[in-house]
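The next part holds the structures, each set out as structure tokens.
After this come two complexes, each holding chain A, first together with chain B and then together with chain C.
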Partner chain A sequence: MKFAYLALALLVMTPGALASNKPDPASDLKAFQGYFLKRFPKIPLAAYVNGPYDFSKSERAQWKQIMEFPPYQFALDHGRKLFEAKFPNGKSYAACFPHGGIGIAQNYPMFDPKTGRVVTLGIAVNRCRVANGLGKLKLTTGPMADILAYMTDTSRGKTIDVTVPDNPKALAAYQAGKQYFYSRRGQLNFSCASCHVQAAGMHLRGNVLAPALGITASFPLYRSKWGNMGTLVRRFIGCNKKVRSVPDKPDSAAYRDLAYFLTSMSDGLPIAGPGARP
Partner chain B sequence: MKSLAIALVLGFLPVAALAATKADIEAGRKIATTTSLGNCDACHMFAGADEAGNIGPELKDVKTMIPDRKIFYAIIYDEPARNPRTLMPPFGRNAILTPKQINDVIDFMYTK
Partner chain C sequence: MKPIVAILIALALPAAASAAGATKASAAREIALAKPKLRVAASMNDQWTPTVAALKQAETAERKGDFATAQAKAMRARKLAELSIAQAMQQKKLWVNEVPR
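Moving on to the complex of A and B:
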């Protein structure tokens, strides 16, 4: 009797449960992009890289004005110098990346099968530094943001391609990022999706909330409110603080996985960074 | 004994029976429009709100909208308990506002 029950349970659980529990990034992608395209039929897929600017005329005007003299230009020039400079050992960043680091930003974050972890472009830059005897740079702003601005600029217009490989650890990282994105946190009880899916395009006080689709494509970006450049993790930290939750560490697994999930949901959209925001 | 009886009576008085003072209403206005407190205008339009958001419904004729003060209190205290999908934070449950502050906000909103 007991055995029969167990066998039945196994029979019921195994095939279906396994099939439905395995993360399925490809069908998530379809559902995710489909949700926004259906909800905002006038906005074409590629326009989502403009963040909130397709949703508010006044913000769009303000943004266009800013983009006439892009405030990230200085960071871009500085980033190029840093990127091209030789390390004390005579090598440079180019040697650490495929294609010498040019036009590759659209493939990050990337799963590294050797360590079983997700590597963002910033973390890859730091790995390169460490491999060449240098210290790590802060991942949120400063020289790192400038280097990323340059590297991202060489990918401008290229299609985001962060395909999750069929590897259990890659799928687990993807799933953890997805879970993070949809989990409520902080004293104010918001998930990322609360603001950037459910309330996308609506006004939170004076801010038009950017839809989650395409939300990573303009990073790093110059934000007038910051007065300088910031990376995607800087924004994660800011949004976590906003809901009064304790932010994670810039190089944490939580943020790597979140960036992995979120960027992969923008597969097929063009890189639009570095960007500028009021 | 007598004072205990009075305290008991006062304690069980329906809050609505106590008339809101001008000071309560002003305190409520402050809470409703301060980002670190109620921040109601981040999501709700109401008369006198500056740069209000539109995530929640406009709050006007609030007495007609939510005539039952107990229900209004419950909405501010823990709206996710009524609607798990809501974006409105659980102000009371997560101790963002004290019971007194919630009552002040209600007094203020009932003037809208």
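Moving on to the complex of A and C:
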């Protein structure tokens, strides 16, 4: 009897183990989006950017009301001022980005072939600052979240397009992010997928678990529980702590790669940030 | 079943005994044994928050001269670190089972 189980377990595990050898973002994308579309046939692909609001009528009603005066509006205005301000050397953020930084958020995180690393939009903003003799900003909240709110707003509605190039380092970063997302960690032994794939749409202590599809599209966002703006890495840190796992550094390779994988799984969905959450 | 219980008791006894008769030296030794385990867990990207908390409590107790607490907390930190290392090792294989297909 036990042997039969073991044999069965091996049978089930082998295709996965083989498939994990060679990263294949395109077929991952199909399987990932297909999984959610099949499981929740009433929710159209683009609606996944609404996260928890697709699954809770009461939260959705609250949200509609909140959005009459979006709580991120101050951050947006402040972010625009910061973005347009001149650095002491006379240059500004615009010079660091294609298209002057307008309408480009849908292409981040991006693989940088020069450094062989993934660059999130926040890290790109900090690179720009350093190149112009300024210090880095904190990546989780504050002025950085405001700048990202403005930049993201100029991409609102544009299609997320984080295509992993056929470069061994880019594929390795993608694969590392994928492995991080599906690995159980912390004393509570949960993976990101335990909550945001397997338990997507269910309730946990009064919160709706947002499905992993579209989960990055509304960042940065204003969260009532925080009382201010937060970036995607702020969320990573919070979710790591929930399972009693020590969070990584905001600019760590682990979080860059995680953001890379997770955002690429939302390819084809529209940017919906900055957003608002309970 | 019985032999397992016996082994568990045998394992637990010396630990309890040594925590009871903790000295400055034995507490320091337990802390020194815990630290490399925490480093391994961190390098595997799977440190648990209670592990870090236990080591901190051990070091605080050591500074206060409470060697019994220091020793017990250090042992707990090491145990938790070992569990997280085992988790990280297992996940290197098992993570693929969570991928939707």
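Here is the rule we use: the second predicted complex is superposed on the first by the 258 of 278 C-alpha atoms of A that agree within 3 Å, B and C clash if a C-alpha of one lies under 4 Å from a C-alpha of the other, contacts with A are read in each partner's own complex, and residues count from 1 in each chain.
Note that in this section a contact is a pair of C-beta atoms (placed from the backbone, for glycine too) under 8 Å apart; a residue touches a chain by one contact, two chains touch by 3 or more.
Being a predicted model, the structure only gives us computed values, none of them experimental.
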Q. First (chain B), second (chain C), both or neither: which does A:Cys239 touch?
A. neither
**Q.** Touched partner set for A:Ala254, first chain B, second chain C, both or neither
**A.** second
Q: Kindly classify A:Phe190 by the partners it touches after superposition: chain B alone (first), chain C alone (second), both, or neither?
A: first
Q) So, does A:Ile66 touch the first partner chain B, the second partner chain C, both, or neither? A) neither
(Q) Residues of chain A touched by chain B versus by chain C: which partner has the larger set? (A) C
Q | First (chain B), second (chain C), both or neither touched by A:Cys96 | A | neither
Q: Using the touch definition from the top, say if A:Ala31 reaches chain B (first), chain C (second), both or neither.
A: second
Q: Kindly classify A:Ala47 by the partners it touches after superposition: chain B alone (first), chain C alone (second), both, or neither?
A: neither
(Q) In the overlaid three-chain picture, which partner chain does A:Tyr182 touch, first (chain B) or second (chain C), both, or neither? (A) second
Q) Taking the superposition as given, does A:Leu204 touch the first partner, chain B, the second, chain C, both, or neither? A) first
Q. Can you pull the chain A residues that chain B and chain C both touch?
A. 187, 189, 194, 198
**Q.** chain C residues within the chain A interface of the complex
**A.** 42, 45-52, 80, 83-84, 87-88, 91, 93-101
Q | Complex contacts: residues of chain B adjacent to chain A | A | 35, 41-43, 51-55, 80, 85, 87, 89-90, 94-96
Q: Using the touch definition up top, name the residues of chain A that touch chain C in the complex.
A: 12-13, 15-17, 19-20, 28, 31-32, 35, 178-180, 182-187, 189, 191, 193-194, 197-198, 241, 244-246, 248, 254
Q: Name, in rising order, each residue of chain A that touches chain B in their complex.
A: 187-190, 194-195, 198-199, 202-207
